[in-house]
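You will see chain A twice below: alongside chain B first, and alongside chain C after that.
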Partner chain A sequence: MIKAIFYKEWIKTGGYGLLALLLSTGFAGYAMLRMARVCSLKGADHLWIVMLQRDAIFVDLLQFVPLFIGLGLAVVQFAPEMYRKSFKLTLHLPLRADRAVAAMLAYGVATLAAVFLPALAAMGGYLQSILAPELWQHILWSTLPWYLAGIAAYLLTAWIALEPTWGRRLIDGAMALLLLRLYFLAPAPEAYNGFLPLLTAVTLCYGLLAMLSLTRFRDGRQD
Partner chain B sequence: MENVIECRNLTHYYGRRLIYENLSFDVPRGRILGLLGKNGTGKTTTINILSGFLRPRSGECRILGEKIGEMNPLTRRRIGLLIEGHVQYQFMTIEQIERFYASFYPGWKREAYYELMGRLQVAPRQRINRMSCGQRSQVALGLILAQDPEVLVLDDFSLGLDPGYRRLFVDYLREYAKAENKTVFLTSHIIQDMERLVDDCIVMDYGKILVQMPVRELLDRFRRYTAPVGEGFVLPKTAGIRNPSVIRSTLECFSMEPEAEVRARLAKAGVTELAAERVGLEDAFIGLTGKY
Partner chain C sequence: MWKTSKLFFWALAALLVLWQIPSCYNFFAVKPADAPFTLYSPVIGDFAMLRFDEEKRMRYTDASGREYTKEQFDSILPAFYCRQLVADGRFPDSICGRAVTLRQIQKANFNLRLSPSNLNAPQVGLQQLLESMSGRVDLTLPDDVFRITDTGIEFVRMETNQIDEEKSARFTEAMKRKGFHFPACRISGNPTARKEYDEGYVMLDAARRLFHVKQTVGRPYVRAIELPEGLVPEYLFITEFPSRRWLCFLTDTGGGFWVVERDSYAVVRTELPSFDPREESMLIFGNLFDWTVKVDRGGEKCFYALSAEDYTLLDSLTIPTPDRSWRGLRFTSPKDKFVKPRF
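For the complex of A and B:
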C-alpha cells in the first residue's frame, strides 16, 4: 500500500522532480563554471588566496536555490491534494492516515535528497580537482545549511498546505518564515558546523507539524 | 434487521450555530437511505461525520459495528465513499487511478471498472482533470463498483450532472445495490433522483429530523390539500397541518394525517371544498420543509 502512495506521489511530482534536478545541478554547474573561468584566467592559486584572505566560497548564488526547490516540491505535491479537498480520498484509503502522510513526506524528502545529492557530488568532484581538501570541504560544509533549508521549506510548506483553515495558514506561514530564517543567519562560512547535527534533527522534526495539520483536517476544522 | 450504520445523539455546532441536536438514525443492511434537506441543514456535515472527516460535538456513529473515530483502517475497504462533486485525483489518468486503487483492495474488480470506462468516449490516458463532470462521475462510480464495498456513502452524487448522466448514475447504482445487497447512505439536492433510487428517506430541517420512513409509505400517506378561501384568509395553527400558504385566494397545505381527519380539522377552521391529491417526493419534501 505504501508503494501505491509512492506511485501517486510520483505521478504528481515526477516532472517537477526532473526539472528540479536540472535546476539544482544547473546552478551548481554554473557556479563551477564561474570558478573554472577564474581558474583559467588567473590560475587556481588565485582562487586559493581569495578563499583564504577574504573567506569567499564562490557558490553564494546557490544559497536560495534548494529553498525554492523544496517549496516548489511541496506545492506540486500537496496543492492537488487540497484542490476540492481531494485529500479526503487519501484519508479514506484503508491505511492509517498518519502512515499515509508520513509516506508522502518520506517520498518528498527522498526526492529532495535525489535532487540535491547529484549537485553536491558534482561540486565535490570538480572542486577536488582544483582545491586542497580543506578548501573544497570548506565550501561543501558551508552549503549544507542551504540544502537543509530546502528540506525545511518542503516540510513547512507541507504543514501549511495540509492545514484546513486559511486563518491558521497565515499564522503557520509567518512561523515558517521565522524558522527558515534560522538557516541563513551564518555570519561566516562553516559557522553552522557544530550546529548541523541538531539543525538536521530539528529539520526532520518539522515533518511532525504536518501531522498537526492532519489532525485538524480530520477534526473538520473550517474557517 | 442488522443495522450497518448507527448514529446516536449527534450534536454539532459550527462556532455557535447549532446544526442539529441529538440526531439519531440507523441504516439497515441492504437498504438505500437518502438524506434530504435544504441547504445548510447538515447533510454534508452528516456525511463528513460518517466519513471520519469531522468530529461531532457529541454523540457517536458506528459503521459495520465500529466507532468512526476508532475505526480499523482496514474496515474502510468495506466502505465506498463518493465525495461531493465526484472529486477524484485530478492528476491521474483513468488507467493510473485504477492501478493506484487496485493495490488497496484485495477483492478489486478490474473488469467492472473497465466495463464502465468502455462506455465513456475517453482515451485510457486522458487525465481526469480534462474530463467533464459527467465523465468524472462515471470514473467515480466505476471505482466504487471495482472496490465492491458493503456500504456506500455518497455525498450529493447529482451535483454538476446533466439529466442523462444523473439517470445513468441512478439506474446503475440502484441495480448494483439491489443485486448485491449493498447498503447505501446518500444525499442529493435533486429530489426526483432520490425518488427513483432510495428505499428510505430522512427529511431534515434546521436542527432536527422531520420524517424518517420508507419513501413508499411517505408517498402513500402524504397529501397536498387545496381549497378556495377568502381574501386575507389566515389558517389558524392546526395540528397535523404543515406549511399552509395562501396564493391568490387558494389555500395550500400538506398533511400526513388520514384524509377524513384533515377534512374535519380544516372544516373547524372554516375551510370547505377541500381537494386532496397525492404528491411526488419533491412536493412531499416542499410540503414538509416549506418553500422558504
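For the complex of A and C:
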C-alpha cells in the first residue's frame, strides 16, 4: 500500500520534481559559472582572496531557491487534493490515515533530497577543483541551512495545506513564517554549524504538525 | 501520534513566544544605553567627555562636571584633535612639558577595537603570509596561503590549488628548529596590503609558547619570544601600528593584559584590570602620553587611563549602562557570529 501511495504521489508531482531538479541544479550551475568567470577574468587567486578577506561565499543567489522549491512541492502535492476534496479518498484506503500521510510526507522529503543532493554534489565537484578543502567546505556548510529551510518549507506548507479551516491556516501560516525565519538569521557563513544537528531534528519533526491538520480534517472541521 | 503532535505544536508555540515577544519589545521599547565619548586628557589629568544633553546640544565636560567650550575641548585633547589645532594655528610646541611635533603625535596615535564576535566566529583556517621585506614601498598580497597542520605549516598556491612542498618544508623546518610544537593553538596576523609594514604572525604553539613568524626576502623568520615566569597566554592581537613600538598585545588565562615590545620582544604586563576578550569588547585610543581604554562589561562601561610609558594605571571611571532589555530566547548574539538557541 505504501508503494501505491508513493506511485500516486509520483503521478501528482513527477513533473514538478523534474522541474525542481532542473531549477536547483540550474541555479547551482549558474553560481558555479559565475565563479568560473571570475577565475578566467581575474584568476583563481582573486576568488581565494575575496573569500578569505571579505568572508564571501559566491553562492548567495541560492539562498531562497530551496525554500521556494520546497514550498512549491507541498503546494503541488497537497493543494489540488484539498481543493478537489479528494483527500478524503486517501483516508479511506486500507491503511491508517496517519501512516498514509506520513508516507506522503516521506515521499516529499525524499523527493527534495533527490532534488537538492545533485546540486550540492555538482557544487562540491566543481569547487574541489579550484579551492582548498577549507574553502569549498566553508561554502557547502554555509548552504546547508538553506537546503534545510527547503525541507522545512515543504513540511510546514503541507501542515497548512492539510488544515481544513482558513482561520487556523492563517495562524499556522504566521507560525510557519516565523519558524522559517530561523533558517536565515546567519550573520556569517558557517554560523549554523553547531546548531545544524538540532535544527535538522526539529525540521524533520515539523512532519508531526501535519498530523494535527489530519486529525482536524477527520473530525470534520470546516469553514 | 496525535498527542505527540499536539505536544510538539505547543512546544513550538512556546518557543516562538519566548523568542518573538521579548525581541519585539526590545526592538520597539528599549533604547540602548551608551556612555558618552570619553578620552583621558593628559593636560587636565582627568577624563574629558563629549555628550548630548536633553535638547540634543553637544556638551563638553570633564569627569568632575566642569564645562568646556569646543575650542577648549580641542586643547585639552591635543593628540586627538591635533589636525584641528594645526588648522587653527593653535598646535602647541610642547604638551605636558614635552616638546612635540605634529608628525610625532600622528605617528604615536593609534586605536584598536577588540570585539568578542571576532574571536567567537567560524574560522576558515587559511592565512596569507605577506613578504615583509620586498624592497618596495607598497606591500603586495602573496600568491599562496598557508595552513597550520598537526605536523607543520603548509603553503598552498592559489592559482593551481597545489601544495608548495619546497616552501612548506623550508618554513616547517625553520619553525621546528626554533622549538615550535605543531599545531598552533592561536594565531594572529593582519593579512592586508593596506598597512605601512608587515610583521607576519604571532602564534602560540601546542605548548602555549609564543612565536613570531614572518617572511623576509622569501625566507622564514622565526623568533621564539621568552615569556615571564607564570604567564600562560590566551589570546593574541597583532598591532602593526604606525609607531612600530609594539609587536602585539596578548591576554593571559587570568585575564591580564600584556604588551610585547617590537624591538626588544620584552613582554610587559599593563595595570589594566581583568579583561576577557571572549565576553567583553575593548576599544583603545592611544597616543604619545597615555591610552584611554574602554571596556564594555555589559551593564557598565569602564574607562581606564594607562601611561603610554610604563602602562601604569593613571585613572579609571565606571559609567553604569543598565541593560533594560527583556531576556528571552535568542538565536544570535552581538558577542559571537553563531546561530544557536540561548536564554
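FYI, the second predicted complex is superposed on the first by the 223 of 223 C-alpha atoms of A that agree within 3 Å, B and C clash if a C-alpha of one lies under 4 Å from a C-alpha of the other, contacts with A are read in each partner's own complex, and residues count from 1 in each chain.
Heads up, the rule we're going with is that contacts are C-beta pairs under 8 Å (C-beta built on N, C-alpha and C of every residue); 3 or more make two chains touch, one makes a residue touch a chain.
All of these numbers come straight from a predicted model, not from anything done at the bench.
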item: Superposed partners chain B and chain C on chain A - clash or fit; value: fit
item: Which of chain B and chain C A:Leu95 touches, first, second, both or neither; value: first
item: Chain B versus chain C as contact partner of A:Lys3, first or second or both or neither; value: first
item: First, second, both or neither for A:Pro80, with chain B first and chain C second; value: first
item: Partner chain in contact with A:Gly220 - chain B first, chain C second, else both or neither; value: first
item: Which superposed partner A:Lys12 touches (first chain B, second chain C, both, neither); value: first
item: First, second, both or neither for A:Arg169, with chain B first and chain C second; value: neither
item: Touched partner set for A:Leu131, first chain B, second chain C, both or neither; value: second
item: Chain B or chain C, by number of chain A residues touched; value: C
item: First (chain B), second (chain C), both or neither touched by A:Glu190; value: second
item: Smallest distance from any CA atom of chain C to any CA atom of chain B, in Å, after fitting; value: 14
item: Interface residues, chain A side, partner chain C - complex; value: 43-45, 48-49, 51-53, 98, 129-132, 134-135, 138, 145, 175, 178-179, 182, 185-195, 198, 205, 208-209, 211-212, 215
item: For the chain C and chain A complex, residues of the former touching the latter; value: 1-2, 4-6, 8-9, 12-13, 16, 19-20, 121-122, 124-128, 141, 143, 145, 147, 156, 158-159, 161, 191-192, 331-332, 337-341
item: Chain B contact footprint on chain A (complex, rising order); value: 1, 3-4, 7-8, 11-12, 80, 83-86, 88-89, 91-97, 217-220, 222
item: Complex contacts: residues of chain B adjacent to chain A; value: 14, 48, 51-55, 73-77, 79, 81, 83, 85, 87-92, 96, 99-100, 103-105
